[in-house]
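The letters A, B, C and D name the chains in turn, as written, and every chain counts its residues from 1.
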């Protein structure tokens, strides 16, 4: 294999790993918790930014062309932990505001506006995170101590990501098989009934949101370690929507499905489309690829509305998406 | 097993439901249910929670498509028709909750009840309803979401009367009302509907009160009719409490 | 069932990808050499893509009309860099891995650059970035050739032009908050202050707003002699049409950067404010981009005759990004001839030599002309669509700047015309740039 | 002086925003669908007006009408061919948000394929500015304000005074009950979508007019502000959306006096503060989540 091909595979594998982790985090929030987190990508972003500034060192010196706050030379693992925590803290702050409306779709719209605010603030406040130009030159984790070549290091990083995927899987698995998760599911299926059973629904919802936010930040920290740069362009609202497509395709609430969905959509479909024979390289051709992607998503939701791997129903037999969803009568009758 | 001694199942009436199965997606919640209601009588369906009472009503109303069986109104099949068509055939439906248009005024609620009437008729019918429920007069411009539970149910019933229906379906009209109000509701408003030659199909949790104003009753449990009989004969039974829960073993 | 079929499809696709590994290699084989336009074709910067395709086609036509290099013809392929570092990286990787006979790249743009620059250099692919990111002012890779100006240099030049040539000392500045605009600002402010100028009002604009009227009335109230600005086409169209409306149908004298020479910018703003005010009031300060001379004439020929399907190709007649990109790619081909090699390690160092000209080099304006000279054993200096360009030791341009305004042709805004004010290399150096 | 100026500019922005926000909220109120392809429908309106005005040589105001018509047709078509069938199939409302995103992606890129990425501008006569109460407004802006006010007053009368309008409100409040009252909710919904599409198309054209140029992505980038206005007022509440548009329109202009680059942030910050005080928007929606497609 040529080095170029190896680069390509390294990139695909690294991105796939990061995407799987992100899809799990979103699946926890939306698939299990029912939170329509349209601001998901800002949690990945905060992890990436935190990991970047904490390993870049103080602004100035060789990086005079960029300005940012909180520069430090933390060891990567420590930076990773702090970045993850940063995601959790941001999720807590955002969640306290955005999860207040009762309706989930309403929460989704509030979260969308939060995502836009975040992008505008980071872009405008050049002194904080170098504005629209973003940060560059983020040190590669362990690179100096290892002294590997670019390709060898790439494969090493694939290994790091693989370990991270396994770690996150263990955490997610423990969470989703716990009694806590059953409560979360009950909350999603029927918040009113869950509340009546004595569950503190807002608190549970916030917990799910914070844990998901922390995992998202973790994925961002991994990603920036590979790309080496990070800017507002990398975390537009569109990225969140792609992750939603992943978990819808994979199967809401199903961790295996989320992983498969993210690989299928973000790795295979996106890269695969580029291999289609194209008559001419014009804007129209590129645009038609995206049309095709949209049509695939629509067709998928039509033929497989519950995804490739539908969530296994545990305690509740009634359908969540029936025509009478949400009416108390249907719930009472069917239980 | 299914019927009380000495009575055969009733097979005719204004509304006739035969061998009806219905439910959500592929799960049938009621199976093989037969029900009949004649004009001028109140027929009550009682049974424990989850028996399928609301499912039955929704299937009749066209809110749920029947999986099997037939429904006819005045001899005309209505099974499988969408709800707005069923309504146009003269069926009024008062759901258990969310029974009024909360963001509309009381008057607008009544207007919506007479949606497919001609304009001059609407005004005429509103007068008619106000004659039956004079209390509504004072609250015509108020928002239906902001009136008391009793008043709200009155608006809901008034709304379905706009079309001069031949069948009125009531799903637990006393839910959430105080015992006193509940009794008033059943005795004064529901029972009085029969005077208009209306067939009334009623689902109630307050079984005793409901049976007192009913002519006939069905006991539904686990999606099947476990017992049917004249209302009075059920009221006379000693094991009434058991009957409500659908436990009729040994009663036959 | 469907699940399995989909998975099978995915596996098959991966198999195709892996099978592809054997067929492609970084060594140049027989057949046409591929020049890649690595630009955003979708997303907010989608307008850059067609420009890349167009200039690449012109360059391919020019090179092929001279018979190509070492028996190889040249052709173009497009890669959608989408305009964000995270999405740009896999596309770049795929381009490098899966393109047979990839010889050089036009791009990346600023947003993709920071992620892909290391990979391009590692793979030894000569590339001509159309980004002005000052982060690369002192870069050392031989595969990086920036024949257009860095934004820091542009900032210095625009300040020097405003103060020294246009003679304005009290100006308002209005820049959008985008990366491409913001990288110009620090050098501009520093130089302008050094030259004794003051700012009456400083506005940082969020792009894509429905109105900038309040900002404009603020600027007008500060009574500047001129506005110094860089904006994306859409913001500029909104801004200037509102300025027109608020200032009694007149624009203030406006000095802007080479961003305004982009065909989309000209098209959008001219449509919004009409050609008269546009031609009267707007001046763009850009590194020397002539619209005359034999090199430029040759470019126009290539523009007319390039066979590919290029929509609205006349738009690129006065577009310095297209001109510089074309020049870069043609210089790349000439460098291959001088090095007599298709190995980038060997020919890359010749690109700056072709651009700057070594001692005794003869100036050439067309590829066939250059090829002939090289075959005759001479060294050449390219003076093409953008005239003479000078690179410094960091492979960055240190070409002088000129103020341009637009000339009308018929009812529209067409060709560029120098204002007469040129910011020389010496002036740039004194003002603190380069 | 500056305050008055900003007030005038804010009114223009608010008028345009209101068209979009009311259209968006109307659709949502009746169908409970957060239609994120709404932005692309705005762009369709812009292009329809462009064809009429620039290619067809008609007056811009004919273009506004054409844009509204195109918005209505596309919106109705999407309802009929995409959203209704998906609802009938029992896809969850959240799933339909994803569908709407995909629809938006398709619409936007079909337009990109046909129209290309370059910027378009309308042919509009240059008009004089008029000074009113310290505000400076052009004749066109006054017309935009006029169109917006007329459309919204018309909508108000429709919703309050006509049988169809009341049926729309009834459907929005309780679709199931509306059906059992004999209202053909499918038809009412269809009309509501067309109406909302018309507002959306008109909003698109006036947006583009105010921006001076537009391209295929303009509508989707404006959608976010439209949604902010709708959320501010309480989604599903036309009057709330009007108020939301006014607040956001004025806030962005007043914010520009203080910090131009942060004017969006200030507008959105108002939204956040408002949500802290009233989590469900200014006028909370009475309706709970219930789908429309069911029979």
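Operating definition for what follows: a residue touches a chain if its C-beta (ideal position, glycine included) is under 8 Å from a C-beta of that chain, and two chains touch if they have at least 3 such contacts.
A quick note: this is a predicted structure, and the numbers were derived from the prediction, not measured.
Touch-path distance (fewest steps) from chain C to chain D is 1.
Taking B-D and A-D together, the pair of chains sharing more C-beta contacts is A-D. The distance from the centre of chain B to the centre of chain D, with each centre set as the mean of the Cα atoms, comes to 42 Å. Distance between chain A and chain D, defined via averaged C-alpha coordinates, is recorded as 30 Å. Chain A and chain B, compared by their mean Cα positions, are separated by 50 Å.
Per-chain CA centroids place chain A at a distance of 35 Å from chain C. Multi-chain contact residues of chain D (touching two or more other chains) are listed as 90, 109, 112, 116-117, 176, 261-262, 264, 294-295. For chain B, residues touching at least two other chains, in rising order: 25, 63, 95, 98. In chain A, the residues that reach two or more other chains under the touch definition are 120, 124, 283, 287, 290, 319, 322, 324, 327.
Interface residues of chain C, counted against chain A in their complex, comprise 2-3, 6-7, 10, 13-14, 16-17, 20-21, 24-26, 37, 41-42, 46, 49-50, 53, 76-78, 80, 83-87, 89-91, 93-94, 96-98, 110-111, 114-115, 118-119, 122-123, 133-135, 137, 177-179, 182-183, 204, 206, 308-309, 311. Those residues of chain A that touch chain C in the shared complex are 1-5, 7-8, 11-12, 15, 65-66, 120, 123-124, 126, 131-134, 136, 150, 223, 227-231, 233-236, 239, 260, 263-264, 268, 270-272, 274-275, 280-283, 286-287, 290, 303-304, 308-309. Only residues 32, 34, 82, 85-86, 89-95, 97-99, 101-106, 108-110, 112-114, 116-117, 176, 224, 227-228, 230-231, 235, 261-262, 264-265, 268-269, 271-272, 275-276, 279-281, 285, 288-291, 293-295 of chain D touch chain A when the two sit together in their complex. Considering their complex, residues 25, 61-63, 65, 82-84, 86-88, 93, 95, 98-104, 108, 111-113, 115-116, 119, 145, 159-160, 163 of chain B touch chain D.
Taken in their complex, chain C has these residues touching chain D: 42-44, 46-47, 49-50, 177, 203-206, 208-215, 217-218, 221, 233-234, 237-238, 240-242, 244-246, 248-249, 264, 267-269, 271-274, 311-312.
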